[in-house]
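In the two complexes below, chain A is the common chain; its partner is chain B in one and chain C in the other.
Entry: the complex of A and B
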């Protein structure tokens, strides 16, 4: 089979990002703003929405062949839910998918989350351009 | 992933992530060309497409049908098309959310597909994506088109069975005389049958579609949200699958 490997070069493909909220947290204004903002900057946003189980999110990430997973949490349960989610991602073989987190995350927890494997944490008031630049730099 | 050979090998060993990656490559013209040389042109299984206007209830109905198929133990894949921005190339793919109760079932594969403009409501190389899913082992592929207009008939070529959704308060009786999408549908569904006006649309369709000498088209009243009319619809689709 003489197949050219350069055709697997993906740099011109729009980045795919799954956006979801996990756990019992009904605040979806922020994640919708981010979804719209990323759409307007050329990303393909798979919007999974509210009240997702970590298992469902992990399957979505795999089946959608996502480059990124964005999780929004405003309930304060981030230190409970995110370690589970990151473990599930690794178990399923999606450990290479980069994870960003948005919502109400206290300063003290940001470093802990990064140590667990979260690539970026964005709090309220983050300009859309900052997130876009962050994602593009780490393509 | 070192190269294509390894990727196809993993795909043939039913590695789900290899399937997901091949589906990504299939959206790119170079990747699609290579995949076409490697897979069975017409694997067994059925492709059922649902089309209709934006907001008519395609995602919700696909979700209900998928739910039913899973209860029967059938392995099912969904290709959900949503439009890509003509300005930025970005897309908000929001069909998955209506199918979420099923989202962690391994017998179900849902893939959101961004679709550029001028593609008649289906993504480029969607046929190839169907082939990949069937060859992988899914028995039924459900295609959900982008919200489609009267003339978006390209999906006819992709599907074994084409289901057209309409909703109450859709035009007058002359609406159903028009050429296009209505002509190519195998089954017509009046969705949102829980809303007023469903019976009027039903009556108009029955009067206009099944005139003497015409190809008979079954018409069903369905409410995807209430779960009504699904049994009758699915029986008709099954009969068409057997005929095909």
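Entry: the complex of A and C
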């Protein structure tokens, strides 16, 4: 589908998503595959890279006027790092960005993260189509 | 038996093949190598047993590095462990030794792997989580307290700060009364694959490799039984590479280390026998075992003919294998037991020297005791019940296996040429060649899975809606607090003068380009932290930044 600028309205505008890895783990295979997959499905993807500090992530969300923030973490430190990040987003006025998380997240933590405001959590092996559909349904 | 008869049979088979239905998925290996429906002697052409295979324990080692392989000695079942504080891991080590384990394999936490102290702001939430936290020589002493380091071999999986940890280890061992000439173990110390895949790098490639060579040079002289580098394809494969890329990039890394050692003026036969390798064991049984066979033949050829090593021990590629974490699924996780078992079989049929089998729950959490026990039991069933150890290289001579081994070898050699066309290892890293190749392969694999050209059981087929969750390990979260308290104590108690004197000396040595290991043994004794030692060097060598490409 090609878009002509003059016909674009709010629903045609490609969704903008900032992808970032927080914490110290270097596993970036998943996030890079998701970045390419979303780009191929028409999303505007900004990949912030490895080892991002929460402050830098929040800044990127604001600078890029992002609809979504996708965080990847496979170190197990998600319950330490994500609540702080979510708080900071709210404090900095970006509380309405929708947050999805990818990585190794035990079932019990998924529920806790959802209660904290995370919209979706995706584990290893999630098909690309599932993520795309999830984002489109909640645009 | 006459030729026309065979020809008739072949013709009939070709007709029947053309008429027969075939499944929708293309027949390719996990890595996408196309596979023929049948292999015959015609595929091998003028294959020479003597040149291509040789005998086990002899050049070119296609059939294995020992004359009797697993008939003589089983591979080492080396399960990786480490968590919390040094005291907690030491308790675990002593428990394992009491159970008859003869070697230890140390996992470090992420801050230690990244050269950061436990009290660094980026370490929060990660201290002691994925491995043991090590800040000072006191932690190293505690980690190995009560263990006879001349009797037990110690493997340490660490890369960017590997030289610091090794210096701290040797200092602790010497101060504990052990003879460094009797210390045995393996340091991963492979920084190149960090740039390609695992991302635990700190300094730019050139000084990083210089520090790897410092360890090789120091250990060759002073700790001669130590395996100085475990040249690793494992992480390259985990990042999404093909089997051929894993093999080619790993051996290219090995060549770069060898060349840098030669440039330092070392004699190849003095250090080459202590280089070892670490490969992935993925799902495709034949592709994997052909990869290991090709690896041995390639390395033997390189060491003998390109680097003119004279000793047979310099030609032998010895390797550790670990089953593929990236192949494990979080859907129906018990099914991972079967994946791990077949992967382990590939490693054993391919002639590994040691093996780690993953636990079924690793896509969900750190392994529970139950899952870790089953992983070890998988190796024991393989060793004692399946019969795969009864003869050396049982698949050698198979039309298919030999053809695949040749193909993989040839494609790896093509990669060696491409790396040279990119002006060698460091330039190819800096222009993103390896990351691009691996990223493309990872994306192509995901597309094949999404299109169901590759079936993953429980993921894109055979799903099961009402799964029962596995009981998972609950981590003790007190380690971070304990570690921070003890680090604070050490920083208060140590002599500031000693810290300044030894770090000044480290700085001076690093600036002049001489071997940093002796100076680091002194910073260790002054209780300078791993992070502080790394900081001194970062000021000289700088920090490597990745390009933004994805």
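Points worth noting:
Keep this in mind: the second predicted complex is superposed on the first by the 130 of 139 C-alpha atoms of A that agree within 3 Å, B and C clash if a C-alpha of one lies under 4 Å from a C-alpha of the other, contacts with A are read in each partner's own complex, and residues count from 1 in each chain.
By our rule, a contact is a pair of C-beta atoms (placed from the backbone, for glycine too) under 8 Å apart; a residue touches a chain by one contact, two chains touch by 3 or more.
Given the structure is predicted, the values throughout are model-derived calculations rather than measurements.
After superposition on chain A, the partners chain B and chain C are accommodated together without colliding. Using the contact criterion defined above for the overlaid structures, shared-chain residue A:47 touches chain B and also reaches chain C. Of the two partner chains placed around the shared chain by superposition, chain B is the only one that A:65 touches, whereas chain C remains out of contact.
In the superposed model, A:23 lies in contact with chain C only, and not with chain B. By the touch criterion stated above, A:93 is placed in contact with chain B alone, chain C being left untouched.
Touch criterion met: A:13 reaches chain B, while chain C stays clear of it.
In the superposed pair of complexes, A:56 makes contact with chain B only, with no contact to chain C. The gap separating chain B from chain C at its narrowest, counted between C-alpha atoms of the superposed chains, is 5 angstrom. Residues 35-36, 47, 49, 53 of chain A lie in contact with chain B in one complex and with chain C in the other. Within the complex formed with chain A, the chain B residues making contact are 1, 3-5, 16-17, 20-21, 23-25, 27-28, 30-31, 33-34, 38, 84-85, 88-94, 96-97, 100, 103-104, 106, 109-112, 114. Per the touch definition, chain C reaches chain A in the complex via residues 110-111, 113-114, 116, 122-126, 129-130, 194, 198-200, 238-240, 326, 328-331, 363-366, 439, 442-443, 446-447, 449-450, 456, 459-460, 469, 472, 475, 546, 548, 550.
Taken in their complex, chain A has these residues touching chain B: 1, 3-5, 7-8, 10, 12-14, 16, 35-36, 38-49, 52-53, 55-56, 58-60, 62-65, 93-94. By the touch rule above, chain A contacts chain C in their complex via residues 23-29, 32-33, 35-37, 47, 49-51, 53, 75-77, 79-81, 104, 106-107, 123-125, 127-129.
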